Structures are given as structure tokens and as C-alpha cells.
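Take a look at these structures.
The following pair of complexes shares a single chain, subunit A, combined with subunit B in the former and subunit C in the latter.
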Partner chain A sequence: MTLPDPRRAPARTDLPWLRHRPLRRVPASPAPRVNLQHPGRPPLGTGRVTPAAPSAGASSLDLTRPSAPVPAPAPDAAEASVAVSSSLDLSSPGLTSSSLDLSSAASSSLDLSTQAPAPASSSLDLSTPAPAESSSDLSTPPAASSLDLGPSTGAAATPSARALVPVRRQPSAAQGDPVLGYEPERVVVGRPTLLNRDRPTVALTRVQSGVGVLRLTMAVGSGVGDLRPAAFCHLSTGETVLLDHNRGMTTAPAGSRRPVVQAVDRGFLVDLRQVSRLQRLVIAGFSPTSSSLAWGGALRVETIGGARVDVPLEREPGAGSLVALSILNVGGQLVLRAERQLVPGALREAALAFGFDGLTWVDAWTPLG
Partner chain B sequence: MPAAPMKRGSNAALTREIPHLRGVVLGVALSSSEPVLNDNLVVATLLCDDDHKVLSDEHMVFFNQLAEPDLSVTQLAAAAGGDVEQVEVDLDGVPADVHRIVVVAYLNEGMGHRRTLGQLRVAQIRVLNLADGAELVRSENLAPALTGETGLVLGELYRHEGGWKFKVVGQGYPNGVVGIAADHGVGL
Partner chain C sequence: MSWLARLRGDDEPDERDQAPEPDEDSPEALQAAVDELVRFVNARAGALPPAALANARALTDTLTEVVDSAQVRPLDVYAVISVRGVVGDYLPTTLKGYLALDPEVRDVPRAGGHSPTESLMMQIDSLQTSVQATLVATREQDADALMTQGRFLQTKFNRSDLDL
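What follows is the complex of A and B.
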């Protein structure tokens, strides 16, 4: 399935609200039960083969129901279960397994049907297949690799229904980028790309994202004010780092001999040999004196081959942090997006507004090192 | 007794010598005593037409793009046997438009490190039979001839009279990956 091109999507005016919404607290009551049984099915436990009990050391998702009803757990037990388990477990609450078990013992399929799971199947099968189907029935292939969510019965397994069974798409550049889901705009040498409201995103190829360094430089005039660049960096290790060259916070990871991102005068360098360690990088401009700035100039992004992306820093004058650009690593391709978001307050507010909530702050401008 | 290492510029008719050869592993050995140099060494494989130009940017196989679109050339996530990188080539699956498979090494530059390939002690490429791992040919050590280069074409597989030959190249690039990319049509 090809996703719509985000460049042609309607403007989302609710995004600022989404960025600022508070985190929802996990309720203390037991998690709601999920009933995945099809309405037309006979009650579970009648006429079905009871799946093998999950082993204690299983590491798969178990969506099966127990062969006998188990009373709902006490709230304390449910809370304890939530506290000690970090996995998705939709199995009987009475089971103490912390496993993620999608299958019975001999199958790797997700089978909520009333049939015994097909051995050696790797499909996600939520259907109710008719018994003794012929091997040509695509709804219950013995070694299917398709996702079948249809409420198929023996009568419903018509040729037209079979034609709707999704076929695994072969990755191909001709059908759009298989990772991004659409054919992104690319950057070419000799033709600088300007990111603006009409074209806010651009994606570097895997070659551009993995060779040399990515150089980000703020080019601003003296009339802007005491503008300083800062960057928030999220690494694959889970570490979040604020980079501010003027205050000596120059490397991500902090203090590394081999940094992934390095703050330099008026900008940043990204070591693309280590691009797999970079998850997200956000570039902002701010005034260290909290002054109102006459925003102007541009943030320039350059690859080692000279391909260039320009992000204007033009806004109405004001105080706060102007988040200019975000860079997201999507399967080895760096996707650049002009944010143009002026966040009132200090750097801490800008960090929180863009999801960098892994920092501990000494004050509103200084994270705890 | 292993064959003598191949000199720079020499070639071997792989499929003529081994008619049943269906795939090869290109193993690259690079080593130095400089940790910074080792950290920034990159091996890449370029699938080129007869004019030494890559078919597209997707036809450069390296750590950030481990296979070309047809999956005939893939770089292994972890190499073995003394190689720093290994690239598997399914000779029958290589697209017909690809005439040369060029293996290069370069220093990833730009973070201010002052290193060159002249600091390498070993720079070698070898060809293994994909079926059984047997070493077919090995280049001489190309490192002693390197000085201030930051890019190096180690060797190439190329089509010849319906089969495949392997050639040791050993050509250095003072301007590193930028020069290699310019010569082979890779967009950086």
C-alpha cells in the first residue's frame, strides 16, 4: 500500500496541541479485556482443540484463551502484573507468564480460530477456517505468509474472496520507497533545495545519509540579535543530548571520543559513518539572554558531495526558541523537515515540545550533565 | 599450497577455471595500528555498467545499504576469517545491465581527523567460493604502495565472454570517496 505524499496532505493545525499534550497516566485498574472472538463463532472452548499451555520461558505473544474460565484478577494482582511485565500479554490474566506468545506450541501463527493451528504456519490468521479445506484455499494455506483478518467461513471462501487475500509486496524502487512508503523528494548537487511551507520535507538517499559528514550551519546577519544554535539529539542507545557549542556541550554522546554529532562554531557536524546511532536531531536557534530576536537568515545543510538544503529562519520578531529543522533517521535515510516553530520560553520548553523528555534539567537552560 | 597472490593489474578467469561457480564472496582485509583510522574505514561495492558508472544510487552497497535492489550483491553484517568486510555475489542473479562490480575502500572524512590509507599495514582483497568458502584468489598486499590516499579501488569482478573475471586494481584516490564517487557516477 502506498501512503499519500505528505507534501500534498492538508495542513494540520492541531499539531502544536498534540506536541504539548500531557502524558496520560496509566490507570490503576486492571487492563480492559480484549475480546477478539468473531460474533458468528461458537463460544470458545466448544469444539476446539485446546492449545498447548505456553511454556514458562516462552517469548511469544499469547492471544489464546484458557481452556477453562479463570476468574478476573484482583486489582492488586493486575497492578503487580503491570509492574513486573513489560511485554504485551493478552492471555488469561490468571497466567503468570510474561511472554509474548502468538501461537500454540507447534506453530508461529496468531490463531484465534476454533481450528487447530496449521503447523509450520507463519501467518497472522484471525479467521474461522472451515475444516478440511482443500489445499488450494488461500484462506488457510498450510504455510501461508499473508495476514488474514477476514471472518471467512467455508461458504465465504469464494474465488472473489480469495482474490482479496493480500499478497506480499516485493520491495521495489519503481513502486516508491519501500521504507518511507512514498517517493520522496531528493536533493541533488547543484540545485539547492529550499524547505518552506509548500515543500517542508526532503529525504537524503542512503548514500547521502551514510557517506562523509552532514554539515549544518546557521547563516544569519548581525541584525538578528544574539542568536545561538542549539541541537537536541536522540541516539539509538536511548541517550538524549543537548548540544550548545558556546557552553562547552559539544558532543553527542556527551564526552565521547567518537561523537555522532559535534557542535562547532555556528553549527553542527553529523558523522555519517555512525548514522545508525542517530535517531533524531532537532536544530533550534535561541537567545541566551532571552532577548526578542529579529528572526532572519537560514540554516544550511550540506552533504559531503555538495548537495544543499536551505531552511529559512524567518519569523516575526519574538523571544523563545525557533525550532528550525528536524532530522529523522528512517531506515538509514535521513528525512529533513522544516519545523519553523517558535516555542516560547527557554530551551527546556523547546525540548519538551519536540518530545525530548529524557533530559534532567538544572535550570530551564541547562540540562544535568 | 595456495596460489601466489595476484599482482596489481592482474586478472583471473573465475568461471572459466571453475565452470560450476555460481557465487563468490569478496573479502576485504584492512588493518592498521591507528584506532581512529580503523573506526572510519568503509568498504563499498559499486555495481556499474560497462562505462564504470553505477546504475543508480541504490547500486552502491555499503554499511548503510546492505544490498542492491535485486539482492544479488549483499554485504554481510559481520565478516569472518580475518576480513573486515565480506560481500556475497550471486553471479547468476546480477542484473544484466551490471558489467562491473567494483570493490572500494575509503576513509570517512569530515570530522577533522587527519588520517590516510598510507597508515594501513594491510590492504588486501580475496575471492572465495560462495558454495564452500574455499579461497580462489587473493591479491597482494596493496598497502605498501599507499601514501596520502584516502580512497582505494581494491578490485573488480567483470563480465567477460559470458563469464566472470576478477581483477586486482589497487588504484588510490587522494580525494577519497568524493573522487571515487565522481568517477563512478555516485550522487553524494
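What follows is the complex of A and C.
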């Protein structure tokens, strides 16, 4: 089973709504709660909210601000809560305290609620009143924090809301993204680009790679010999096709009425509207009679916008297939590279030398259709 | 041959029998190794992601640039070691390790959070960064050598500062 990549998941648009949705208010009076304040403590000063009195059946831990101020707990009320308080009750002043009762009158080392004498407030002191607001004061949270999922008021929630907005990072090969790891040279419209040993590769922009037709034409003089173009095409479907116009192998996919690549006289046409279906294209020149050729001429690549790339076909005279150009589709950009590799042998050897091993061959020149 | 051996009439050793051993660190040998690496990459292009293939070929271009800089001045030992390591070990090992995987698991994230394809891209990028740094250092040495030559010529053919 393939797990989906969470980074490619669609952006969550419901998070702001979840944070700001109106919550149904629960009536405050029957809510069971635990009072973290010692009942014998005097009422707090101005600006502080007195915790609610412990009520019967208290069993849960309420760390939220009470909905309405209630009077300070009277000793009688506190004593009344002793009978039914659970072991989690941190405020029970009763004498019959359990082992987890942290507020018993008999002070121990674990007593967190003993009020007198209170020399200094520690960060673990949950009940000792302090004149200043501290982060450990659970009874009166000073402001909405990033953990506050309730209705927020004012500008305090704005930064945390901003922090939740997903930021799309730039794809980078250094982080494993399938992109070019370098800044490619581009084709300048109106000025032919020559691919040679010093500048073997150039990349078309996404617009140049996706609009119109890419025309590849082999311009060869008569002195070269019987030089014919051929192309190996690897499609995104996994299909590998050999294109040879002179032998009727003219479309990729084979037999398609809407081909991605089409072989024409002395060249090829790439339908850039379907460029996403093209993965790799390699252009080669060969002699059908296996005769030695005086390599020369050039392969011209033209876009509909006027960009032009020339690849020389110059090598020492010899037999075999001259692989002139490879075209890679990297994320919608076509990367053109002058290969200039003369592969001895027939077309089958040239195909294997460039990784087109998905073809089954009838003979060294003809793949099984 | 010593003068005593000539007096005794000893035969001179045939120089053809003492053919120099091929220098594996010569620019020609390094370029041949880079070309062999290019053929290795091309022959496995069908099983590599297009982006990895493009970046691997860009890496071989950078290696060629480093070797070509030997036309200006000999490569220093660090550049030779860098080229030798990438060409003979690092990049082939990375590609072989990736190609040995079952294609179905190449895009499945591993325990580290990255899939093998992502790891392949990262490794090629690391190698590119390393070789690019070697190329920059080589070019800076060339620039320093050019500046030194300029100071030498200025001192040799201009008037000396001590002339009155």
C-alpha cells in the first residue's frame, strides 16, 4: 500500500473555521469542577476572578475561567464538598484526606495548597495567591494562547491564526524534489542557440515547452551520404516507440490519431499541448545501409515562438548511429542536450546505449510493432 | 648510460621496453573516465527519473569543466581526488543503489521521511555542490596565477621602482 505524501495533500481551508466557530455554551452551574484554590484563602484582589465553589459530584479538572464570578467559597461549603469529592480533588480541606489529597491541613512535602506561611511562590504552586499574574496561575489565564481553542477575542489570536496559514516552500533538489538542481541556460528568442561541448544543454521555459509545436529538422548536405533521422520516444505511460518516417513508423504512441510525437520528412513534430505525456525523446541519425557517413550538417529545433536551437552533426567519418540530441521533460520544462555520441552498430545498439530497453527487436534495425 | 658502460661496450637499454606507465590522474585519463560515466548514466536513463537524469548529466558537465581546466594549469591533487572519487565511486554507487531497488518502493517514504527517489535527488545534488566547489577553487587558482603573471611582467618590463 502506498501512503500519500502529506506534503502533497491539498491545503486545509477549514482550520480557521475550526478555530473561530461558535461553540455551544454549556450551563455553568451543573458543571462538575475541581477548585484548585484553598478554601481558606481570602478573596483575591481586584482584577482577579474568584474560582467557583466546589460543587457536589466534582470529578473532573476544570482549568477554564468561570463564566460568572461567584462568591468566595465559605468554609461550610468547602466542608460540604468533602463528602463526595474524589481522589483528584485538590482543594478539599477535610481532615479525612486521601493519599492524593494535596490540600490537607497537615502539611507535607507534597502539599501544594498550604497557604501559611507562604514564603515565595514557585512555578508549581497552583494555589498560593501572588500579587502579579504568572503563567502558572491556572485559575485566571491572562490571554488566549495558541492552545486556546475557544472563542478568541481581540488581537491576541491574530498571530496564532497567521501561524497556521500553510506556507508553500520552494521545490529544491537539495530537499529531494524532482526538479533541476541548477539554473539552466535559456533560449533567447531571435538568437539561435548553438549547443556544443562548451554549452551542451539548454532548457525551454514552461511556456516554450507547453505552447504549440516543437519542430525538429535535420539539415544535411548531399556529401554526407544516406543519413536518415530516427527518434526514440519514452512516454509517461511507460511506452517506448521508435520513429522512422521512411519505414512508416510515424507516430508515438504507435498508431495514435493524436500523437505526441510525429515523424515527418527529415524531422519530427512534438505536440506541446501533450507535453506532459512525453518523458524523453532522443534524436539520432543513421544510415539504413550501415555505410560509413561523412557526418555533417545540423539538427535544428524550433518553437512556435521563434526560439531556435542548433545541434551540429559533426563527427569523424564512420558507420553507426549518431545520437545528436536528447530532450527530457523535467516538471514541464524541456531540457535539450547535445549528446554527440556515435554508437557503433545498428539502431538497437543506439537504443540500448540510451536506456531504451523496453523495445523488442525483430532485427537490429526493426523493433517489434 | 654511464661512461664506464660505454667503454665496456655494453648495449644501451631499449627505451621501448621501458614504456611509461599510464598516468591515471592525467587529464586524458580523467576525461576518459568521465566519458565512461556518461555512457553508464545514459545506458540506465530509462530507469531514472528525468530530473535525476538531468542533474546527473549536469554533474558530468561540471566534472568535464574541472578536467578541462587542466589545459590552463595542472590540476592540483585535491581536484584530482574529487574528480576520481565522484567518477569512480560516489555517483555510480548512488545510481546502482537506486537501480537495485524494486520500482514499487522507490517512491515510498522510508523511516527517515524521504523516499529513495528523494534520497537519490539529494545525493546527486550533494555531489554537484562538491564538484562545483572544486571548480570554483580551480578557477580562483587560475585567476590568482594570472594576477601573479601580471605582476611578474610588470616588474620585468616596466621601470624599476628603484630607478631614478
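Assume the second predicted complex is superposed on the first by the 191 of 369 C-alpha atoms of A that agree within 3 Å, B and C clash if a C-alpha of one lies under 4 Å from a C-alpha of the other, contacts with A are read in each partner's own complex, and residues count from 1 in each chain.
Here is the rule we use: a residue touches a chain if its C-beta (ideal position, glycine included) is under 8 Å from a C-beta of that chain, and two chains touch if they have at least 3 such contacts.
The structure displayed is predicted, hence computed values, not measured ones.
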Contacts of A:G332 with subunit B and subunit C, given as first, second, both or neither: first
Partner chain(s) touched by A:I304 [first = subunit B, second = subunit C, both, neither]: first
Which superposed partner A:E316 touches (first subunit B, second subunit C, both, neither): neither
Partner chain(s) touched by A:D265 [first = subunit B, second = subunit C, both, neither]: neither
Subunit B and subunit C contact sites that coincide on subunit A, given as residue numbers: 173
Complex contacts: residues of subunit A adjacent to subunit B: 171-173, 188-189, 205-213, 215, 258-259, 262, 269, 271-273, 275-276, 303-307, 332
Residue ranges of subunit C in contact with subunit A within the complex: 39, 42-55, 57-58, 61, 64, 107-109, 114-115, 117-119, 121-122, 124-126, 128-129
Complex contact set, residues of subunit A against subunit C: 2-3, 5, 173-182, 197, 200-201, 234, 240, 279-280, 328-331, 335, 337, 339, 341, 352-358
Complex interface listing, subunit B residues touching subunit A: 39-40, 42, 56-58, 60, 62-65, 69, 108-111, 177-178, 181, 186-188
